[in-house]
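Each in structure tokens, the structures are laid out below.
Both of the next two complexes hold chain A, though its partner changes from chain B to chain C.
Right after this comes the complex of A and B.
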């Protein structure tokens, strides 16, 4: 049974209080969390905070805001890519962002050293277009009401409504939110690691041993599973269907740009290898009578599926940024689920487990050979 | 240049007339292939197709209701590594033709064997509006373009004043044409040769077309200046710009879809900006917080300084922005000012040299003033 700390404050206040005291006492050098950008239209972005003042009531930081302007897994990679952190930095991220970061660490795109990872049981995030131009504010009362009851607001990202992994793996501290009816006045922090316990030392609260998996959470699992089935049934992932669906793709590759797993600094499809001589187009024209320009529309998507599906964490960034309204995330999650099942692999679960494509077993996948 | 054109019958509408004419040109081997927007199989968008088989023209649409991909990008992909051996007619919007001209000057396209063909343009719908219901979008577009009503078009199209003939080789004039006809207007000797080969004599005066275009240009220019003045009032200064871009999520999709932003890898995505953690923490300590990833506004300013002189105000950037930031409106405002300062109009002509690639001894003295007046004076005083 995990160790917890019950704090007599609302969840938002408790988390802000913890982060403020960590910065004030110098126990962390910085905190990566969501916050207001200060723009008149209420823009929200991740920021690396060093001033504890951001975490007072009405400060700029909004660590539990149900919004994902970027997958923070990618941001933690950016922060620790060149070298590991020299001193402790805390990060407040969603479970799928944490999973993405673990996948990136496995790919040598970041380091867990000196990171204090804080996450929460997750009620989902709103799509980017809901959050644009200050639209998030009016949704928040409704959102937190749903979270308290352990249900999902209908307007969160579809991928969030279908998310089965809303309890974070690998967090040092987990903030209990889903199904916590009294989260306005009480907050339970689960201390999953020694590091987590060490950093909350001195924080006022009652120690307890409790189960994170409450009845509400089990119920939420069931609801999400049902929606997931419905969502996946809505997309076909056979070759012909993919060609048809991606027919309206504009080749902007925004899905790749925001995908935390797509870490290549230059995608093959944007490289010189894909800048063909006129003769290549002319011979294709001769052969087929017609060809689409720019080329490689569905090929790009298939290439990306081949590269990322085993590690796809289903965060939904790709769907949100698609200018052609293609349900990219649903397609990638669905294909990802089948690939991950094939290899019995859960992305972001265990940093020591090797990525399936990096390992080899003599006796496996005989069915593919036949 | 010849100030005469030809009249083509268009009883079944402009699109059918253009497609029929091009099909004829393809069959007569005047062109080897066409690059033209074609409806995708699912019927929910359009894509540029390079085709030699006239049967593929069945779903072609010279004036589709949307611009999913800026046509200059398609032209650049095709010709970036040199002129091909096939004679290709590319049917594009005026702003796509202008971007293709800019890309040619930037050595990202080659037009020797490519004919730019344009049509008087009523604008395009924002992609997301159209995708909500493609059939309804197409109907709305058809109806609005009939009346030259730009209210439902992209914001960039609403204030477009270069909606007619750019430096294209051939242009189809629909403004001022009699019912059931369109004008065909050559814009280059290359274009004239095509009409000769097709036995289309240039014997029609273009006064009606010219008058209508001029009149609409005047009205659109006024609208554009007003829109830019309104916008400038709201966003002037660094704080105003920070506000406009405060929702930006750094996806760089504006850059990705911009026809003029041709760098294979943007500096802002390069290893040069992937810094050790200490760098970020030190920058954060200066102000108490550092937006992450950093350099949001710097990216937009950097992009503007690189491409603004070639910006054709097509609006592709705004269409692709997931946060509904009025990128195209801001950039078109900046572009007009920058281009006016250097006496340059993006895409007007292949002959105008790119301002940043040329140098004149005697120019832009007004920019020198602040230094002389402010800093030099101070330096003298301090000394």
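Right after this comes the complex of A and C.
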């Protein structure tokens, strides 16, 4: 049974208190967490905090806000890409962001050194447009009520409602949220690693050994599985359907930009390789009697599926940013599930496990070659 | 009647060290083969990026053949084993999205000494694709 620390404060206060004490005692140099950026609508962004004052009640930091302005996995990669962090930094991230970061570390795009990873059992996040239109604040009471009951608010991202991996895998500290009926007054931090235990030393609370997977969490699993099936069944299959869906793509490549797994600094689809000579356009025109511009929208989406589906963590950023309302994340999650099942691979689960396309077994998949 | 006139366009990515040599020998030995496979020589089946396959299909290929050395015989030790994983992944994507490309894609092992086998693969795959008819993507403008 995992070791935990029960704190007699509400979850938000407890987490803020932990982060404040980490900064005050100098045990971490900074904290990566969501925070207010100001503005009438209450803009929110990931920020690196060094001032403990940000973590008082009504301070600038909002570590448990159900919102994802960017996948923090990608941000952690940027912080640690050139060199590992010089001193300890705590990061409060969602489980899928943590999975994305692990996938990036496997691709040598970041380092876990000096990072204290804090995550929580996750009740999903609201889509970006909810945040941009100031609707986040009014939904928060409803959100936390749903989290307490271990259900999901209907307005969170569809991919969150279909997410089966809402318990973080590689967090040093896991904040129990989903199904915790008393999270307004009490909070349990699970200390999954020695590092996690070390950093909370001296924090007021009672030690305990408890199961993270409560009945509520198991129930939530069931509900999510049912929604997932429904969501995946709604994906139109067939070439014509696919062309219709991706025919809406305007080629802005925003999905690629926000995708934490798409880390290439020069994407093939942005490169000169993807620009055709005039005679190619001419021959296509002659043959087809027309050509949609920009070209390569279906190619881009299928190509991206081939490149990232094996590691897709299902965070839902791509759907959120798509100006053409393509359910990118639903399609990627569905395809991702089948490709990941093929290789028996769970992205973000184990940092030492090799990415399936970077390795092989001598004896396998005999039926593939004929 | 139209079906008989249909000669599929198959893009064949052949490994320089085995399948390409086999295809060459098959030609020199005047083995009977349909003229459907358009050959792209690659240095290894492991060089075939999934994007090559997708690009061929989306530009209207009726079939795509990737041929390399038998497992254990790769000139670069393991390129073909990587190719096998990628092929499995592509098939899984095609299957999940219900795309006809799944039936129009083939990975085959043909060693340098197997010219008759190459002729057989080319013939067999061409027949399969003929059965499927022309690719529905051939004159799609939304690609």
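Methods note: the second predicted complex is superposed on the first by the 364 of 370 C-alpha atoms of A that agree within 3 Å, B and C clash if a C-alpha of one lies under 4 Å from a C-alpha of the other, contacts with A are read in each partner's own complex, and residues count from 1 in each chain.
The criterion applied here is as follows: contacts are C-beta pairs under 8 Å (C-beta built on N, C-alpha and C of every residue); 3 or more make two chains touch, one makes a residue touch a chain.
Just so it is clear, the structure is predicted and the values come from calculations on it, not from any experiment.
**Student:** Fit or clash for chain B plus chain C once both are placed on chain A?
**Tutor:** In the superposition, chain B and chain C stay clear of each other.
**Student:** If you stack the two complexes on chain A, which partner ends up touching A:287: first (chain B), second (chain C), both, or neither?
**Tutor:** A:287: touches chain C, not chain B.
**Student:** With both complexes overlaid on chain A, does A:295 touch chain B (first), chain C (second), both or neither?
**Tutor:** After superposing on A, A:295 lies in contact with both chain B and chain C.
**Student:** See if chain A has more residues touched by chain B or by chain C, and give me that chain.
**Tutor:** Touching more residues of chain A than the other partner does is B.
**Student:** Between chain B and chain C, whom does A:279 touch in the aligned arrangement: first, second, both, or neither?
**Tutor:** first
**Student:** Considering only touches as defined above, state whether A:335 meets chain B (first), chain C (second), both or neither.
**Tutor:** second
**Student:** When the two structures are overlaid on chain A, which partner does A:128 contact: first (chain B), second (chain C), both, or neither?
**Tutor:** Touch status of A:128: first partner only.
**Student:** Examine A:225 and indicate which partner it touches, taking first as chain B and second as chain C; both and neither are also allowed.
**Tutor:** After superposing on A, A:225 lies clear of both chain B and chain C.
**Student:** Kindly classify A:264 by the partners it touches after superposition: chain B alone (first), chain C alone (second), both, or neither?
**Tutor:** Touch partners of A:264: none, neither chain B nor chain C.
**Student:** Applying the document's definition of touch, where does A:247 land relative to chain B and chain C: first, second, both, or neither?
**Tutor:** A:247 sits against chain B and chain C alike.
**Student:** If you've got the overlay open, could you tell me the nearest Cα approach between chain B and chain C in whole angstrom?
**Tutor:** Minimum C-alpha separation, chain B to chain C: 7 Å.
**Student:** Could you list which residues of chain A make contact with chain B in one structure and with chain C in the other?
**Tutor:** Chain A residues touching both partners: 243-244, 247, 289-292, 295, 297.
**Student:** Chain A touches which residues of chain C in the complex?
**Tutor:** Residues in contact with chain A: 50-51, 54-55, 58-60, 71-72, 78, 81-82, 84-93, 95-101, 106-109, 136-143.
**Student:** Once bound in the complex, which stretches of chain B touch chain A?
**Tutor:** Those residues of chain B that touch chain A are 33, 35, 40-42, 44-45, 47-53, 55-56, 68-69, 73-74, 77-86, 127-128, 131, 242-253, 256-257, 264-265, 269-271, 274-278, 280-281, 284-285, 287-293, 296, 319-320, 322-324.
**Student:** Please output the residues of chain A touching chain B within their complex, sorted ascending.
**Tutor:** 29-30, 32, 35, 37-51, 53-54, 60, 69-70, 75, 78-86, 89, 128-129, 131-133, 243-245, 247-248, 250-254, 257-258, 265-266, 270-272, 275-279, 281-282, 285-286, 289-295, 297, 320-321, 323-325
**Student:** Touching chain C in the complex: which residues of chain A?
**Tutor:** 235, 237-244, 246-247, 268, 284, 287-292, 295-299, 302-303, 305-307, 309-310, 331, 334-335, 338-339, 342-343, 356-357, 360-362, 364-365, 368-370
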